[in-house]
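The first chain written gets the first letter, and so on, giving A, B and C; residue counts start at 1 in each chain.
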Amino acid sequence: MKRVGVVALNTFREAVRDRVLYNLLFFALVMMAASIIAGQISIGIEQTVIVTLGLSAISLIGLLIAVFIGVGLVSKEMDKRTLYALLAKPVRRWEFLLGKFGGLVLTLAVNTAAMGIGLFLALMYVKSTPEQGDATILVAVYFIWLKLALVVALALLFSCFTTPLLAILFTAGIYIVGLYVQELRNLPMQVMSPGMTAFTKYLSYLMPNFENFNIMSMAAHARPVPGSLIAQNTLYAAVYCSIVLTAAVLVFSRRNLK
Amino acid sequence: MLVAKNKVMSAPAIETENLTKEYPHGFLNLKKRTSLEGLNMQVETGEVFGFIGPNGAGKSTTIKLLMRLIFPTAGSARILGKPISDIEMHRDIGYLPEQPYFYDYLTAAELLDYFARIHDLSAADRKERVQRMLKKVGLETAGKIQLRKYSKGMLQRVGMAQAILHDPKIVILDEPMSGLDPVGRREVRDIILELKHEGKTVMFSTHILSDAEMLCDRVGVIVGGKLRGVGAPEQLVDVKTQGMEILFELAGQSVAPVLAKATRSGDRYRLQVPEAELYGAIEQLRAAGARILSVAPVRATLEELFMNLVEADRAQAAAIEVSGK
Amino acid sequence: MNSAKTIVLVVVILQVGFAGVWKLQHRIDKQRAALSEERDYVLLSSAKLMKTMSLEYAPLMADFYWTRVVQFYGNKHVRGDANLEQLWPLLDITTTLDPNLIVAYRFGAIFLSQRPPGGAGRPDLAVQLIQRGIKANPDFWRLYEDLGFIYYFDLKDYKKAAEAFEEGSKNPHALIWMKVMAAKIAAEGESYETSFFLWNDIYTTTTDPQIKENARLHLLLLKAHEDCRQLDLLADQYEKRFGHRPKRVSELMQAGMLRALPTDPLGFAYVFDDNAKAALNVNSPLLEKQRLLERFK
């Protein structure tokens, strides 16, 4: 388990040295622009503009990092043969995989937290009177991070058995499907066979549901989020990541390196 | 059970049993290409074992199988008497991959420190070892430079350092000399001899015979995925000299008959003669006023040995194909 | 190798994991349904397609649409053309994209319901919009105020107006006057006090400059309307005393019934028109506004 931490910290160091965190500068520019735009429109929705734009940027930047770096976590090491020397050492493959996952999730935690704090400060700057509900944006940022962890796990899984490009497509595909998976329950059930109906129902509950983590609207309007939802979403992400990582370990442990 | 125990007691350092690796390829992976075929081989404790063969013969495949980077189609292998799937046993192995590449965002010192952490070494121990290893491979001044700025030879040295960093009992090196300049090769040879002196088992692959001859107690020759012979280097390679080579300097013109057979470059000449005619040739040269620089036996190169084996291999394959039709 | 053990472990992890996911998803769905967000929808209308296409960034898209609504409405040229048909679709999409954007409902309630050229003259759509807003934001009691407002001013349905105020007053955060207003409208229907109070409340609580300006104008006209009513009452008394209706407001002053010439909120003296009714001065800018809105005839 200690080796997982060592690998994770090195992965974090890689992200820092590869200047991944430079995206924060970009985010800062977006927030500045948002503050200016919000100031110009100022029709009672400064807060909404700042929060929705900020959260969208946090989510989008995070997704780009999670998908592209997530897919590269293992495939790049296989490609460049950097993991040969490592895997010959007393490291189990699952320890390596978990370490890589942990490292990127740690990177995303730092990145997302920094952006979240930036957004919060921008909001406090624009808003004259802070309310208690403003803390909802911090919950929203936390949910985005949970979502990103799940995306990283998926990217890792796909990169274990297919090419990086396909892995990116699969991950993006699952993500988009995961936003609308609830729509499966609204399909016209009458025209489908019972088997099909049951299948779509199971699918709609078992596919990763990324809409769970979206509380942007609530955050924009400073609505409080019940603690039980925070707990449920945390558990959901943890359980789903475990499932996906188990599958990834299963694939990767049997994989022949080039 | 008892038998197994006895086997452990007298177990060789590395032991493979019918180790086979096939790679599926072609449309829908229906075809199979055999990269290693039924390898049975032992490396004894404390010896330096050379694994020689032309490129693509299966040397790297064997080593990767031992390191569990790839998994065998059939057969098994044991290191230090333990199955290779035993992860704890890897504490006692040092491995240098072929053409090693490491995280290029780290410095050599950071990389070695990272690997030392993986080996669970204490902070003080790590610092001391990293410095010692860098010095050993001649990188003490380059330890603070990111690996992306390293040359191929420097990476090879870093790879050497990480292989012996944790004081392993067995060191497995995949082409340790490739990409190195003469000085680097010399240093690697010194390290291998030092390891041998410390009582470690060393197995390395190479396609350069002179390296193997100079260092190895035994060598295994592998061609076309099959082990063709194991033994002391001089047993394997035909060391009968194929003649003598004389290197000499000669200023001005001369009409000595032996000169007709010599090849000239500047003032220097190189002359190859059968062993029986050596002294006659030297007499002639002395008479002509030449200054003799060196006299050395001409020996079969590993390349020639390989060529013979490869040709035999092809002939056999052709024969099988013909008989099959 | 302990591959059998590994397989059992993997199967257990996957089974327990998916069972957990199944349970959790049901709970999360329940929880979020309780948060009364509009989530279960079918891909039918264009607004919903719009929401689908904006991925998870629907609230952000809503902001852009909202900005367009405001620009659209704020543009005086468009306003003069009474080309307000687009107001409804824009508000529809905005509130579908972001069901919690309260300001869009409130804006829509006022400007959809008002008669042209001040608004789109569609109180029915305004009611629909507000009811949708109430469904998505049941805790926001001021939406009930807006609903009552539309029934009271635009539909003149005092029973429904009273019900709306009554319903809104049940919210624990609702201010006490909601209940008072319900009772008062139920008893009296339209009255100056009620109208003044409602517009004044809008005026003092809104942050939207357009809504505020609209409320201010209505308050001024309401005051002028009330003044005219009082002047007419005086004129009636004058007629009883002198046998004829006054032609000028100054006659009331000469009769000692007024101490000074009364003026509208902008300082223009009231006049009696050809029908001998009190009215705004022709020079007063309020007159134009009044004619435009034709609200107080």
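A few notes on this one:
The rule we apply is simple: contacts are C-beta pairs under 8 Å (C-beta built on N, C-alpha and C of every residue); 3 or more make two chains touch, one makes a residue touch a chain.
Here the structure is a predicted model, which means the values were calculated and not measured.
A simple rule picks the central chain: find each chain's mean C-alpha point, then take the one closest to the mean of all protein C-alpha atoms, which gives A.
Top-ranked chain pair, ordered by C-beta pairs in contact, is A-C.
Each chain gets a centre from the mean of its Cα atoms; for subunit A and subunit B, those two points are 47 Å apart. Centres computed as Cα averages put subunit B at a distance of 86 Å from subunit C.
Taking the mean of the C-alpha atoms as each chain's centre, subunit A and subunit C sit 40 Å apart. Taken residue by residue, subunit C touches two or more other chains at no position, since every residue touches fewer. With touch defined as above, subunit B holds no residue shared between interfaces to two or more other chains.
Within subunit A, no positions touching two or more other chains are listed. On the side of subunit B, the complex with subunit A involves touching residues 64, 67-71, 87-88, 90-91, 93, 95-97, 99-103, 105-106, 114-115, 117-120, 159, 162-163, 166.
Listing the residues of subunit A that touch subunit C in their complex gives 41, 43-45, 48-49, 52-53, 56, 59, 176, 179-180, 182-183, 185-186, 205-206, 209-212, 214, 216-218, 220-221, 223, 226, 228-229, 232-233, 235-236, 239-240, 242-243, 246-247, 250.
Interface of subunit C with subunit A (complex): residues 10, 13-14, 17-18, 20-22, 24-29, 31-32, 35, 37, 39-43, 52, 55-60, 62-63, 66-67, 70, 98-103, 206-210. Of all the residues in subunit A, the ones that touch subunit B in their complex are 2-3, 6-7, 10, 13-14, 17-18, 80-82, 84-92, 254, 256-257.
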